[in-house]
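Chains: A, B, C, D and E, in written order; residue numbering restarts at 1 for each.
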Amino acid sequence: MTYEFIPLLPLVSFLILGLFGHWIKDKAHLVAVPAVVVSLLLSLLVFFDVEGGHQTSFPIYTWLTSGTLDIHIGFSIDRLTAVMLLLVTTVSSLVHIYTIGYMHGEPGYARFFSYIALFTFSMLMLVMADNLLQLFIFWEAVGLCSYLLIGHWYERPAACSAATKAFIVNRVGDFGFMLGLLLVWYSFGSLDYYEIFPRAHESAGDVMNVLGPFGGTWDVSVLTLICVLLFTGAVGKSAQVPLHVWLPDAMEGPTPISALIHAATMVTAGVFLVARLAPLYNLSPAAMAVVAITGGVTMVVGATIALTQTDIKRVVAYSTVSQLGYMIMACGLGAYAAGMYHLLTHGAFKALLFLGCGSVIIALHHEQDMRRMGGLKNKLPVTYWTFVVGSLALAGFPLTSGFFSKDNLLVSAWSTGPLGQCLTVLGLVTVLMTAFYSFRLVFVTFWGPSHVDPHHAGHVHEPSKTMTLPLIILAVLSILTGYLGIPEFLGPMFETDAGGAAHEGGAAIGIMVVATGMGLLGIAGAYYVYVLNPALPDQFARRWQSLYQASLNKWYVDEAYDRTIVRPTFSAATELWKRVDVNVIDGAVNGVARAIAWGGWLLRIMQSGQTQHYALGMALGAVVLFTMFLFF
Amino acid sequence: MILYGADLLALLPELIVVVTACLVIALDPVTPASRRDLLAWLSVGALALCLGLTGGQISVLNVRVSAFSDLVVIDAYARFWKILLYGVTGLTILMSLPYLKAERVHLGEYYGFILLALSGMMVMVSGVDLLTIYLGTELMSLSLYVMTGLNRSKPRSLEAAAKYFVLGSFSSGILLYGISLLYGLAGSTKLALIAGAIGTRGADDPLVLIATILVAVGFGFKLAAVPFHMWTPDVYQGAPTSVTAFLAVAAKAASFAAFMRVFVEGLGGLKADWSLLFLLISLVTLVLGNVVAIVQTNIKRMLAYSSIAHAGYALIGFVAAGRAVGASGGTPGLASVMIYLSIYSFMTLGAFAVIGMLRKGGIEGEEIEDFTGLAKRQPLAAFLMLVFMASLTGLPLSAGFIGKLYVFMAAVEAGLTWLAVIALIFAVVSAYYYMRVVMVMYMRDPNPSSVASPRLVTSPALSFVLACAVAGVILFGLFPNPLVSFALQSVLTLK
Amino acid sequence: MYFVTESTARWIALAATLADLFVALPLWWLFDPQASQMQFTEHVAWITTPPIYYSLGLDGISLSLVLMTAGIMPICVLVSWDAITTRVRGFMAMLLVMETALVGVFVALDFVLFFVFWEAMLVPMYLLIGVWGGPNRLYAAIKFFLYTAAGSLLLLVAILVLYFYGGHTFDILALSQGTYPASLQTWLFLAFFAAFAVKVPMFPFHTWLPDAHVEAPTAGSVILASILLKMGAYGFLRLSLPMLPDASRTFTPMMVVLSIIAIIYGAYMALAQVDLKKLIAYSSVSHMGFVTLGLFVLNQQGIEGAVLQMVNHGITTGALFLCVGMIYERTHSRLIADNVGLAAPMPQYATLLVIFALSSLGLPGTNSFVGEFLVLVGTFLWSKVATAFASLGIILAATYLLWMIQRVVFGVPSPHYLPKLRDLNQRELATLAPLVLLVFWIGLFPNPLVSRMHQSVTNTIASMSRAKVAPTAHPSAGVTAPLLADSGKQLKTQGTSR
Amino acid sequence: MEQVFFFYFALVIAAASVLVVAVRNPIYSALALLVMFFHVAGLYVTLHAEFLAAVQIIVYAGAILVLYLFVVMLLNLRQDDRYHRQWPMAAAVGVTLVIEAVILTAMKGWTTPVVATGTETTVGGTSNSEAIGDVLYFTYLFPFEVASLILLVAMIGAIILAKKDLGEPAES
Amino acid sequence: MTVPLFYYLVLSGIVFLTGVIGVLLRRNIIIILLSVELMLNATNINFVAFSQYFHDVAGQVFVFFALTVAAAEVAVGLAIIIALYRAKSTINIDEFQLLKW
């Protein structure tokens, strides 16, 4: 059966590399690449199979049974899965290939391959899952891979703390996910999609008093609660505000990882989750609104921060945050197909951009600061041109994939009513910013005079074929994905899809025009500011000092968390330990012991060694007994 | 004319003991110092003979035979205690051999006195007339006074003897006064008649109450029950270790035997009163014994307090017998006391045997600190001590647990659960000081700088004693059935 | 024993424990998951009055624990192979005695026998800590001894009381069928609680654990964490729930609250530690909180999760202690600050440590997740808010463990220790490898294990919902009841005064 | 007539006893005890216990007290023998006991004991000493033997304790 | 007219109490022993009185034995006293406190 092999091959390569990597060393790619490429081909088969209308869902083995709880590991293959399979395997194989060159000669070469193989496996299992628990299991598994890969260079303190941060922030999201999961099981008695979705309507009316235990009264629809709780998981995984803080730090990991995990696949799992659970979300407008607004806010925040970052990867990272905001917003507005569509195109061009950054960084010997780049377009032609294509797609330049997907997304959003329209306006503004910062990136990095460290300036050259090839392929894809008709392919998945009503009416045309205009305007602005007169940025920075600082410091979110959560927790822990555990509880225990010993010292004083005291003691004892009998 | 043949036959063991005692004392002057061991072996042989006889009687006459015009009886109850007493006395003699030699007070009379004390105890346990019980007590006590002061070269030994003597005679005076009142009550000193008189006169007679309390005080002294215990630590510490062991084991057992007979057979009608009285006493006893033992540094003194505490535990069983309700009556309680004391005897003897072995330089190493690192130098001895300590704590797989189990079962059955709880809480306290000995032996390393690091004097006899003690502790811990059933059927003759 | 050389002693101990393991393993297949009664029973008279039997038996609950014990002990022997250099004979002897007592506790079907095994492990553990322990071992040892002894002695009284109310028998199964007055059940429950809560340990009674763990030799810590703590939880499950159903229900809120406090509080404590062993010790407090939580939500998922969590905790935390012990053998320091950056010099060790840490923080795909998930499911059926609070523990677990990893595994080692940091040798790998396999086996295929519990857990729950108590349980009850009331007061005061 | 005797003896006995305890000089208190013994003997006579009266005088006054005096002389002790520091407590004990005895008898009242059955030999028929001897050597033979043992113990014990050297050969 | 039994009891009670107080009061062991003798005599008075009252000679026999025991005790006691005096030329009991606590 082809389905099993798709995840199985990466798993096998992971096991081989994990157990014998010690001996395989730098032959690792010979194991990893073929495996994932084959699973890419298999998923292509599956894709066309599904397009032929064949959908299936079947268990593999029973994972756990307890009382009425019955959970099995299984696959469910439908259009959504097929698309995701394709995306994951494609990007993964390209990244595999790219890694050959990028990680060449690294000590952890084999280890790295084993990790990404494990990641690919987990991601595939995630998207193929046919029940929420399996989804959750691999949801955490991909988180683990991300943790391991961010911390790949464990000698770097920054990398380690980034890894830890990523995991813990995700755990916060998963906390909600877990509760949502339990609530689903509680109210549906099952975790399988095909059990839940049909019965979603039945429990549409159910309400639950969430303040009950605290004496208050606040009846919330159970479905809404479920959706919101599950969405917290998505917030964590897809780096939505307020849990977006881990993603930029995650850039400490090797660049291929940023491309694979933190741009194309894992971070989009949140979007996938919402889309996958569309039948539930559709029944809960409130939850939808929450999702949409979260997405909108994230979209804007990400963009504003991206404007001023100087670390080349961080710029791309924040643009990822912002783009994820788009997708989530779309899903929140019910435009699942549009969201997924953008997810796909974004996967292509964002992976491209990251890999481009990667080759720049390699070329400059791990230099990541934009301000020490510039004038690279002649030295790195391939990288440059592919990078430009990626940026155009990101900026939504006409006829690139990004153009179609973003346009489709905004149009569908607009057509969903007032909330959608407000968010659409925000989206249009964000388009402007997006175009601006993406081309700021291009111009500062590749154009203008070179600020490259003179040591390396001499021998900056295009990286090896294994790295440029994926760039070119991805560049092609970031154009091509616009013409594959993904929305039409996904359409049937989401019956209440607003995407259907997208491409007619004046609004659609208007939005398209405005969006394109915004994009072009942004590009032009970037050109004006960073090419024509490079002095301007500093002037702006000086004029709007506070704004500039705020954006540069990512709206001080990290600092806020550090002050309000992290430090208080640790100090509280220490205090609690010193005060309560050592002093109070253990103090009480030792106190009892001391008290008894003290009693011993006291009582032994009676034993004075004076015989007549002893006699007196006896006499007194007798007296006491007499008295006792006298009065009882 | 009455023919005493049968009576003499019944009292053959007593006769043997006494004759041997006189023989030993007579032979002592004519035996050279180097051959004095023979006297010890002679005594042990006599005891073995008695053991055989009394053991034989079990099967022969399983009824209550009264001899010498109902002044003494030979019943299962008495036989239980006698057998126990033979055993512990024999072991004490064997453990005295090397000890006295090391202490340079290896006197032949010593064995004579042990035997005389034993004969006194035998009279106590088989006496059913306050007169015989009193005389037995005195015979025992006088011998013990002398034995305590035996090691005159040590001022402590002498002081202990003086204190023991003064307080002992004081308490026996009190006891005697109580007895005189009981006589005035019943016109006789026979327990049966006293019981009858109490039955007719009822409990709220001033004579009865005063007499009961005075007798209780007198016996409380012998049992080392708080607040009549205060002689115990000093005497136990001062007396030669072998004598201490004899005091702590044999004297206590015999006193308990007589005590229970007097209060059950004689004053049984006053159950309600004395069970309350002894409830109070047992509580105070086990609390004080355990708590004060914690702060001791001298192991003999510590064991003295622990023996006080154990008396408290045994008394719980007795109180339970007094409070007992339902079909089983007081039997389980009384039996539990017998079981507890027999087990207690073995573990205490063993502990004292180990202490007696330990010598620091010329003198006896009796500070707890002297045991430091014993496990390194003498693993076997340390292990034995560990077993005895665990048993004294009452940990399972050792006999101590069985003893506590039965006592507390009796208590719970009598509805004294709260008493059992308190007793167990203080058993935890006791665990502290017992385990401290283990700690010192096993967990502290002997510091090489110490001038005279304690060594062990051992001998075949002593090894035999230890073997018996540890065998008793382990076997009664694993297979208590024989002991339990023996106690249960012996106690039935007590009425 | 004195004719045995030290190396022979090692081999004998290893052989004995392995033999035990190979005797125990077949049970896995011979065990009949459908059978509702005890299996492999043994019933021999021990004491006639009162009737006490040497009666043993296995059910689905004890099966996993017995197997775990049998599996952990050889590892303990192996890990002590080089670590213990003084008085090896004694050490190995103590280990074997421990094994007897521990297995005994899990299979005993007679209450007194249970208590005997329960207490029999005190002295060996006392010696393990006190003789072969760390610098502060004396305090830790005596603290452990008194703490646990105090609890279990109240248990003894409860056993005796039950004897007289339960128809003069010590048969655990028979007693589990009896019905007892509500007030009596309350006091008995408190007495049981005193014994079991200390062993688990539950929140206010946990302070012996860090000391004992820190001072104990590695094998001691492993036994403590893996098996000893389970005795308490097992006691709750095997004794408290079936014998005192009403009281158990009454006390459920208290137990749940205490468990949740333990979960969160333990995690906080772990967060504050600088000593690896202390950190893991407190993490055990937190994890055992999940166990008690699962037990006292009184439903299938919860209890099965709890039992599974016992096994998981045994595997994972045991392994973590093994890891700490191994690094301690190298650097002779348990401080996190001293052992940093182990990934580079000791990759295998680092990998294993990370795996166990992840398992400990309940990563899906590892064993702990299954247990915690089941417990949370069970708790969710009982109270959603409780579940929410309990889940907080999962976040905190991730925090303190990953922070530990970040400091210990990642980074660069201090040059002072670098020469000492050689990677694991064959023996050490042999000790850890089976545990890794178990971690993933249970994590990925928990059903074979869990399905063996179904029947037994169902029985337990069924016996809890048996007929309510009749007014007069037993002839002697009428007499003892009033006295027992104030006995209860005693219990209460004792219980709270500690 | 009897009452007069009784009151005389009782008065002297009580007074003498108090003197025994009260006077500082051991010799004086020994002598006071002597007086007390004589009057107890007298009391015995009034109670038709002639034999005991004789024994009282011979053994107590004649033997025991002389022994005491002998020792006192031997050790020629210091005259100033202060009371023990705890004398207030001792007094308190005494007083309490007296009060309680009074209360007890007051509360419970005094009932003369009934003459119990099964008393062996009556006094008066034969002479007192005859009766005692009769009982002593038949009924109470066993206690008599025990008493002899007690005396044996006392004798040898006294020797062992008071002997100057134990004649213990040095074994080392 | 005879003397009531009660009188004898009161007398013996007084003597006994005096003896007890003497034991508690005096430091000289010899006098303590004398006080004990007082206690024993009080007992004997009881016995004789009762035996007269019951016309039962057993009481007198008991006195006889008590007397014997008293004699024995005196022997042992004086021996101890002499030994004590040899060791620590005093017989004030309160000066012997090597053993305490």
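Miscellaneous remarks
Convention: contacts are C-beta pairs under 8 Å (C-beta built on N, C-alpha and C of every residue); 3 or more make two chains touch, one makes a residue touch a chain.
Here the structure is a predicted model, which is why all the values come from computation and not from measurement.
In summary, the chains found to touch both chain A and chain D are B, E. Chain centre most remote from that of chain E: A (centre = mean of CA atoms). Among the chains present, the centre nearest to the common Cα mean is that of C. Distances between chain centres, each the mean of the C-alpha atoms, put A farthest from chain B.
Comparing chain pairs D-E and A-E by the number of C-beta pairs in contact, the larger count belongs to D-E. Taking the mean of the C-alpha atoms as each chain's centre, chain B and chain E sit 26 Å apart. For this pair, chain A with chain C, the centres built from the Cα atoms lie 37 Å apart. Rounded to whole angstrom, the centroid-to-centroid distance between chain B and chain C, based on C-alpha atoms, equals 42 Å.
Per-chain CA centroids place chain C at a distance of 65 Å from chain E. Across the assembly, chain A contributes 593, 604, 607, 609, 611-613, 615-616, 619-620, 622, 626 as residues in contact with two or more other chains. Taken residue by residue, chain C touches two or more other chains at 146, whereas all remaining positions touch fewer. Chain B has residues 131, 135, 138, 142, 145-146, 149, 152, 161-163, 166, 170, 174, 184, 187-188, 209-210, 233-234, 432 in contact with two or more other chains.
Touching pairs of chains, sorted by label, consist of A-B, A-C, A-D, A-E, B-C, B-D, B-E, D-E.
Across the interface of their complex, chain B is touched by residues 101, 104-105, 108-111, 113-119, 138-143, 146-147, 149-150, 152-154, 156-157, 160-161, 166, 168-171 of chain D.
Put simply, chain B touches chain C in their complex at residues 325-326, 375, 379-380, 386, 390, 395-397, 401, 405, 408-409, 412-413, 415-418, 420-422, 424-425, 427-428, 431-432, 435-436, 438-439, 442-443, 480-481, 484-485, 488. Listing the residues of chain C that touch chain B in their complex gives 2, 47-50, 87, 90, 112, 115-120, 122-123, 126-127, 130-131, 137-138, 141-142, 145-146, 149-150, 153-154, 156-157, 160-161, 163-164, 475-476, 479-480, 482-484, 486-487, 489-491, 494. On the side of chain D, the complex with chain E involves touching residues 2-3, 6, 10, 13-14, 17-18, 20-21, 26, 29-30, 33, 36-37, 40, 43-44, 47-49, 51-52, 55-56, 59-60, 63-64, 67-68, 71-72, 74-75, 77, 81-87, 89-91, 93-94, 97-98, 101, 110, 112-113, 115-116, 119-124, 128, 131-132, 135-136, 139-140, 143, 147, 150-151, 153-155, 157-162. Against chain E, in their complex, chain A makes its touches with residues 604-605, 607-612, 615-616, 619.
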